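In the two complexes below, chain A is the common chain; its partner is chain B in one and chain C in the other.
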Partner chain A sequence: MSVLILSSENEELENQIAQKTAERLGYTTLDQQFYNEIAKKYTLDSKKLMDAMIITPSFLKRMPSKQWYYYLSCVEVEVLARLLEDNCVCWGLAAHLYVAVISHVLKVRLIGGHSLMSSGQGNMDEGKIKKIIAEQERSRENWSMTAYNRKEADPGLYDMVINLDQVQPDEAVDTLSTTMGYPRLKAMTYSKNNLADRALAARVKNVLLKSLTDIQVDAQNGTVVVTTASVKREKSKKIDTIKKIAAQVEGIGYLEVHWNKDMLTEAAMSYR
Partner chain B sequence: MSNLLEILLLDDEAIVGKRLKPALEKMNCNVEVFQDPQLAVGRINEKEFDIVVTDIYMDDMDGMQVLDIVHEKSPRTKVIMITGYAMISLARDAMEKGAFDFIAKPFKPDDLRVVIAKAAKALGSPIDLNPLTRE
Partner chain C sequence: MSIITISRGSSSMGKAVAEKVAAKLECDIFSRDLLFKTSGRFHVPQKTLEKAIHDAPGIFERYSHTKKVYLTYIRAILTEMVAGGNIVYYGLAGHLLLDKLPHVLKVRITANLDGRVKRKMTEGFSEKKARDMILADDDQRKKWSRKIYDADPNDCSLYDLTVCIDKLSVENAVDCICRCASRKAFESTSDCVRQSKDLSLAWNAKVLLVESFPDVGITCEYGNLLIYATEKEAHTTKFKKILDDIKKENYDIYNLEVHTGLPVPANAV
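Showing the complex of A and B:
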């Protein structure tokens, strides 16, 4: 079981490279078509689900914060579950942001290559292309920071960055296929457990986000730690609720809830 | 299976060998436990083991060196690395050097038994994970 995750601003080339690499390696693919399956499973509006992966929460755009985080969480749960199953090439699902460092997952950022696009930007003048790309990058950075507190374009997030202005798409496919064959990317008990922990944390967060907000979840070796905040007088109630809801999730070895005082609300309440 | 699977277990913490030896012996394995890497390497030079389970961070010699020595002596031997200081770079380096698997401590004896069974299968000598529970 090995996983290749691609991320790029250039959707057309990303699709092309991802498909060809998956074909070459005999891996399954996981891309934006998966949103429909997720929407169906969770009875969500698939258009809204796709919007949530692009826009940040906003009442003007009819995407309240609570709903937005829940939508993202549904995607995370389903993508992680799929990545646990098989050798897979995954792109277009923001997995590079929530699949943390896992040794059998190769995360690759594709940059440039806008002059190679067959339509749209391929015929525009360079200045206009640069403007559009800069705007897209700003918007994606805003989204990724709000959603996962990570800058999508940060090279430190990836194992490899391929510049498609310098490397042809077919060469990129060769490079990726060869790299995926390296023994260092083979799945091992440690990396599979890490991914399973990540998937468990995502499942717990997902059930909690149905009714609660301000939830962080981590898991290690089946031990789940939920971190939350509330005003002091709601402490016991919130902890009990979390324990009760999280208990529905299969695979939890031990559950711990860490509570922090919500200073802001507390201060606002005492002022009143 | 009539032949015992020969396993060398190396960890500088005595408790690891003490806990894992009986768990592996239940799987029809013959287990030799070492705490001193030098003594373990001496034994590896005398005898060909099917599986070597080694800790990574030890005082005199690290598990990566043990991995090299085992593969030089017996390329067919499966080496399983265990460590309390698991990191992605270390895990990838171990696999690059030819480790069969990499497990982070703490783990349950059953977790290691599953990996041993996988290694036995890869060696062409599949073993029963639960011989005591079967007729």
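Showing the complex of A and C:
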């Protein structure tokens, strides 16, 4: 029927609220345990996959950019496939960043509530907690900007933001459960198709990222548009490769490849 | 007995939400009336007050404290109005003007830019004009909040609840806000009423001091007014005269003390 996506800087409270809301609504849950399943399906190292969701690509951290984007893409494909099943509460998988505006998906950000934490930060003084939170936020913002060019804390990404400094977790569960019951959030054919298009684009991107870089994929009503860039002499070769690889994906109605000139490489090559 | 502030950008349906919330909770509702009342009491033109609460300080205003004086007037009236409880305020900067009252439910209504432009166009503006007006207004609000309160109006931590009106309808948003207002944290207990009254007393005392002594800090607890001033300020005849006026004008003040040489506490007004 509908999907609830939660995001928070406070993992402990996020877990607690998400679990209780799912229980109350009778929805399935999708959380970080899903990484193991994804790693198994794509034969990836699950620790590295989890790392990819935290760190930005870095040669020193042994996470090359190409691999990093592929890992992210695997998570995106699998999460979107699960969300198509509806009636789900999803958190801890960065879904708020890649699930676009879809009418039956409610995206909620939970902020504050650090005084309510039972472990770790609960005993620290306020100044220290603020410093740690600010550092975490900076690192998350850096990650989300590199991965999806979106700031995680931007309220424009969410349909609702609940501040847990005043609102108790149980009250937040009440609010979320009631909100999910609004008729506006019921899944419609149109909104389901939107999500299916998003999932299709993610699948195409995933197969392309195995061998190519610099790929953007969009889908609408089964028509997939791949945008890429390369030097002029490799244009036809790259387009053919994309068409050949993308053809493996099921569900594509029509495939378009948009090519842009890679000015930087072109300039560097002409200088040589 | 709820106190709710609803903050919103222009053409974000905030007014419609506020009116419905007030009707549902049977609360008084006000926005511009605040400036009207302030203007009447302190004999300052409404336009000047509106400029003080809306526009960011210009180059010359940064070195004078006129904006601070007008804001003190506005806050004194607002805290007086709020002390009675059962109020929905959807005017400018409610979340910042009442930031010292924890039981106030601070709500932000957001909407995407395209939707806001469409709504503005229904007032007879062209698309470009509507977009420019909205962006200019947002920019002014941002600058004002940054300069006066060092805060960003888009920072969700300033609010208890932020609702996007594009996803939820006005009715859904109203329902959400009313449910949230009924939570324990936002109940108007006797302690909250006392806090509101104390804050109102502190701001009313500040009104008398702010013109001549803008950096003085005031706290009030259980009617005990503590004024934090410098040694130099406290020994002037003008300061002593104002203290006498404060005592005369505010019968609710139980005790008045002046502290000199101490740092101004964070909760002081």
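We take it that the second predicted complex is superposed on the first by the 272 of 272 C-alpha atoms of A that agree within 3 Å, B and C clash if a C-alpha of one lies under 4 Å from a C-alpha of the other, contacts with A are read in each partner's own complex, and residues count from 1 in each chain.
Note that in this section a contact is a pair of C-beta atoms (placed from the backbone, for glycine too) under 8 Å apart; a residue touches a chain by one contact, two chains touch by 3 or more.
Quick caveat: nothing in here was measured; it's all calculated off a predicted structure.
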First (chain B), second (chain C), both or neither: which does A:S58 touch?
-> neither
Contacts of A:E171 with chain B and chain C, given as first, second, both or neither = second
Per residue count on chain A, the busier partner among chain B and chain C is C
A:M160 contacts which: chain B (first), chain C (second), both, neither?
-> second
Which partner does A:I111 reach: the first (chain B), the second (chain C), both, or neither?
-> second
Chain B versus chain C as contact partner of A:Q136, first or second or both or neither = neither
Of the partners chain B and chain C, which touch A:T179 in the superposed model: first, second, both, neither?
-> second
Applying the touch criterion given at the start, work out whether A:S211 contacts chain B, chain C, both or neither, answering first, second, both or neither.
-> neither
Once the two structures are fitted together, what part of chain A is touched by chain B and by chain C alike?
-> 101, 103, 182, 184
Listed in rising order, chain A residues that touch chain C in their complex are 101, 103, 106, 109, 111-112, 153, 155-156, 158-163, 165-168, 171, 174-175, 178-179, 182, 184
For chain A, which residues are in contact with chain B within the complex?
-> 101-103, 182-186, 188-191, 193, 221
Quick one: which bits of chain C touch chain A in the complex? Just the residue numbers, please.
-> 102, 108, 110, 112, 154, 156-157, 159-164, 166-169, 172, 175-176, 179-180, 183-186
Residue ranges of chain B touching chain A (in the complex, touch as defined) = 86, 88, 91-96, 98-99, 101-104, 106-107, 111, 114-115
